[in-house]
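Below is one structure. I have some questions about it.
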Amino acid sequence: MKLIIAIVHDEDAHALVKKLTANDFGVTKLASTGGFLKSGNTTLIIGTPKERVEVATKIIEETCRTRKEITTTTSLMGDNSVMGMPLEISVGGATVFVVDVEDYIKL
Amino acid sequence: MKLIIAIVHDEDAHALVKKLTANDFGVTKLASTGGFLKSGNTTLIIGTPKERVEVATKIIEETCRTRKEITTTTSLMGDNSVMGMPLEISVGGATVFVVDVEDYIKL
Amino acid sequence: MKLIIAIVHDEDAHALVKKLTANDFGVTKLASTGGFLKSGNTTLIIGTPKERVEVATKIIEETCRTRKEITTTTSLMGDNSVMGMPLEISVGGATVFVVDVEDYIKL
């Protein structure tokens, strides 16, 4: 048995829990925030047989990988018109730890 | 030293923390919720010497085992009377992981 | 890779996260409370290469060690004056677990 501790961004947490649960993984969601000047992280605890660790980490990678998204900033121009500027931002990302479990009890 | 991570139902958490503390276990309570469509779980972190792991897991088993409870549903009848129907539900249950601790520091 | 789980008092958590982050440690803050009749704890998860575990635990020790502080209690006297009494209290303290990480993924 292994314990996977995954720290993911809030925006990916819901989709990740849904996919892991659909694939028969038991998932527990802990509220968390990142360190200094960072916020909006969710920590998930996933218990899984050793044989299925790769399936879980692949789902995490597909759902939470860092990717570019285009957002639009708006600026007020001199003639009072508003100009939208596309801005590429980086979203997603995750930190995943796999830890060995010596004993596992399911009541 | 071992680390016990116990995910229990909210309704059992208070009694469990009380019993573990009365038995000299150090317990930390993390807020948590279950996965998709589940809610109301509490995650406990318990640090314990190797020799006392069985004592702790026995307390968890006694306090959190899945058991049947009778609840009463009420239905409005055709003559406007209310009928109570006993309904057997399953409560409790827990998921417990025991993890080895390489270093332990108590300040 | 190692995982450090540090349970510290709320009053030390902010300074600790700041120092660990300034020393390039990735820190995730979980909300937590202590066991029966205790409250006000914060649980931190710190991922670190094996070689830097001692640096992290030294920072935790310096920031969270148990120390005496003088607080002032106020009592109402018979002549309606208020008397301040210095009271020495113990603050700080931490519980730290170091756990081995089998696999580590940073997305």
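Letters A, B and C mark the chains as written, and numbering starts fresh at 1 in each.
Criterion: contacts are C-beta pairs under 8 Å (C-beta built on N, C-alpha and C of every residue); 3 or more make two chains touch, one makes a residue touch a chain.
Here the structure is a predicted model, which is why all the values come from computation and not from measurement.
Enquirer: Just say which it is for the chain contacts: an open line, a closed ring, a star, complete, or other.
Expert: It is complete, because no pair of chains fails to touch.
Enquirer: How many degrees of rotation carry the C-alpha atoms of chain A onto those of chain B, rounded to the nearest 5?
Expert: 120
Enquirer: Rounded to the nearest whole Å, what is the centre-to-centre distance of chain B and chain C, using the mean of the C-alpha atoms as each centre?
Expert: Those two chain centres are 26 Å apart.
Enquirer: By the touch rule stated above, which residues of chain C touch at least two different other chains?
Expert: If we look for residues of chain C contacting two or more partner chains, we find 30-31, 99-100.
Enquirer: Contact residues on chain B for chain C in the complex?
Expert: Checking each residue of chain B against chain C gives 1, 3, 17-18, 20-22, 26-31, 45, 47, 99-107.
Enquirer: Under the definition above, what is the set of chain C residues touching chain B in their complex?
Expert: Going through chain C, the ones touching chain B are 2, 5, 7, 30-37, 41, 43, 53, 57, 60-61, 64-66, 92-100.
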